[in-house]
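Take a look at the structures listed below.
Next come two complexes, and both contain chain A; in the first it sits with chain B, in the second with chain C.
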Partner chain A sequence: MSPFTSMLESLTRQRGVRASLIVSENDGLIVDSNLRFGQDGDRIAALAASMYRKARLSAGAARLGAVSFLQLDAERGRICAVGGRSDLVIVVVADPAANVGLIRVELFRALESLE
Partner chain B sequence: MADDIRRWSDELARDPSSLVFLQLGESLRRQGQVDIALKIALRGLERHPRNAEAHDLVARIAVDRLDFSRALEEWETVLRLVPDHVGAMKGLGYVHFHQGRFDHAEAYLSQAAAGGAGSDVSNALQTVRRTTGIAPTWTGDRNPLDPQRIFADLLLDDGQTALLLDGSGYVLGGLYLDSMGDDVSQDIGAQLSGISDEVERSMRHLDIGSWRSIIFETHAAVVAMAPAADESLVVVAASRSTPLGLLRRLLDRCAERAGGWLDGGRRP
Partner chain C sequence: MNIATVEPWVEAPLRRFVDDARARLALLLHPSGQVIAQAGFTREVDVMSACALAAASHATAGELGRRVDGHAFRSLHYAGPDRQLFLSPVETARGAYICLTVFNAESSLGLVRIYFEELCNDLAAAAPPLPAIRQPTIAADFELDLNRNLAALFGRHHP
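Coming up: the complex of A and B.
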């Protein structure tokens, strides 16, 4: 049990959520995760961290302020991520039909408890 | 900087009528904390309604929030209070340019240049003069003269902007001006370079199909991007108040426009 276990379990219980992870934005490594058997957590972590970093740097270049939420939509799934003041990013992988609004709320709630 | 902010906050708490809110609001704005900066600036403005710098600060924060109507009002107020305020002229030039009123933009930027503004205003003036005279709407011409204007007629709202980047992050079309009126298109392209390729490669291993879009929210805006023809990337930004559904439609239309433009206008 890590300090993040219950938070990740709670996220993964959301309807349509397949996996949840806490990732370091700096190095793209998993801090903790709640994955199904066979899911490639390392690749999800690396991709989410890289996207979040690129979003943060481009927002900085455009003077748009800090990035708070990121969402990637693909044909058969989506990846959502939130980050705060630390370099930790909370990531979920969800079905295309999952309720993103609800996932977003839960991610921000999780972020509050992380900070 | 953090020490300064703490010191100014303490000073303002001790003396709410202090003009230190101008420095505090500007520092918070520069740090991207635009909502707090706006609160500080508006409180200051309540106490100092005839202070031109307070109106100027609110205008700059409004631009960061992509609220161009408010910025316009505030800078017009500044010029009523201080007719030769160079910052307000520059700001009005930027807002009018962003809204496609190039004659107004040129007039304000010329006044600012005559008033002793720096090289950034001269560069902005050159950009406006280059753009002036080019038809502002898409006419079906498959090879428009100015790539910076390829999305101009699709952008409905003052705060919307769109860019077309190639696979290496170089700007192919569109334009992104920041809140100071500087063209930051290349900087954004550099930061986003390779994202399309990286996402594409990861998608193959994650079993969730091809990617369609990436959207991220910041304090001031929502940014969306999607793959387009020839491994290019369309990036669209809009104010936080823009509904996501509308942003997606705009992204689709810009991607379609980019495809047509690359197909007809730029391919050999």
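Coming up: the complex of A and C.
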């Protein structure tokens, strides 16, 4: 059991959430995760971390400030991610029909407890 | 990116890996240090020294692993301030190879690892079966092979 276990369990309990992970933004590696059956955690972690990093750098280059919340909607699911001052990014993979508003609230709550 | 191979079946999987993983340099070599393919290198001296060092590093890690853990350590990752390297073996029907991947902040260890898994699958699928009779590698053959491979990689004539 890691310090992130209960936080990840709480995120994965949300309706429509398939996986929640804490990922290192620079390495793209999983720090901790809570995955439903069939989810490839390593792949999600690497790609979500890369996407979040690119978004953060793009926002910086465009002088838009820090990235607070990142959402990717795809045909068969969506990825939501939040990051703070540390290297850690919290990533959630959810069904297309999942309530993003609730997930977003939970993600920011989780980020607060992380920092 | 400039890719050169001694074995033609290696080129497509290696090109895909380098593109997907956004690697800066990649090297596929035999555990003895003989180069099979290179991506991104511009000088043959660099390739030769990188092959020798990668083979030595892989052998060292393997032996260290056997001593401390009872099994050879398979993959190695070193992170420098600007560039990182990932060194890992690849198993194919033609035998085992070593892949050295150099990447920077454009990529990440996680990305390199997931695309490296795909490279292993692609190479295993693409590798033609080993010929039935294999000549033993002796010192004279090794040097001849090395020179022939380097000539093939850098497009110069080898007598």
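Methods note: the second predicted complex is superposed on the first by the 115 of 115 C-alpha atoms of A that agree within 3 Å, B and C clash if a C-alpha of one lies under 4 Å from a C-alpha of the other, contacts with A are read in each partner's own complex, and residues count from 1 in each chain.
We adopt the following convention: a contact is a pair of C-beta atoms (placed from the backbone, for glycine too) under 8 Å apart; a residue touches a chain by one contact, two chains touch by 3 or more.
Being a predicted model, the structure only gives us computed values, none of them experimental.
In this superposed model built on chain A, chain B and chain C occupy separate space and fit side by side. Legend: residue contacts after superposition of the two complexes on their common chain; A:A45 is shown touching chain C, with no touch to chain B.
In the superposed pair of complexes, A:R85 makes contact with neither chain B nor chain C. Shared-chain residue A:R76: touches chain B; no touch with chain C. In the superposed model, A:A55 lies in contact with chain B only, and not with chain C.
In the superposition on chain A, A:L29 contacts chain C only, with no contact to chain B.
More residues of chain A lie in contact with B than with the other chain of the pair chain B and chain C.
Once the two complexes are laid over each other on the shared chain, residue contacts for A:G65 go to chain B alone; chain C is not touched. With the two structures overlaid on their shared chain A, chain B and chain C come no closer than 7 Å at the level of C-alpha atoms.
43, 46-47, 50 are the residues of chain A that lie in the contact sets of both chain B and chain C, per the superposition on chain A. Only residues 23-24, 26-29, 42-43, 45-47, 49-50, 53 of chain A touch chain C when the two sit together in their complex.
Listed in rising order, the residues of chain C touching chain A in the complex are 105, 107-111, 113-114. Per the touch definition, chain B reaches chain A in the complex via residues 32-34, 64, 176, 178-180, 184, 187-188, 190-192, 195, 198-199, 202-203, 205-221, 223, 237. Residues of chain A that touch chain B in their complex: 40, 43-44, 46-47, 50-51, 54-55, 57-79, 93.
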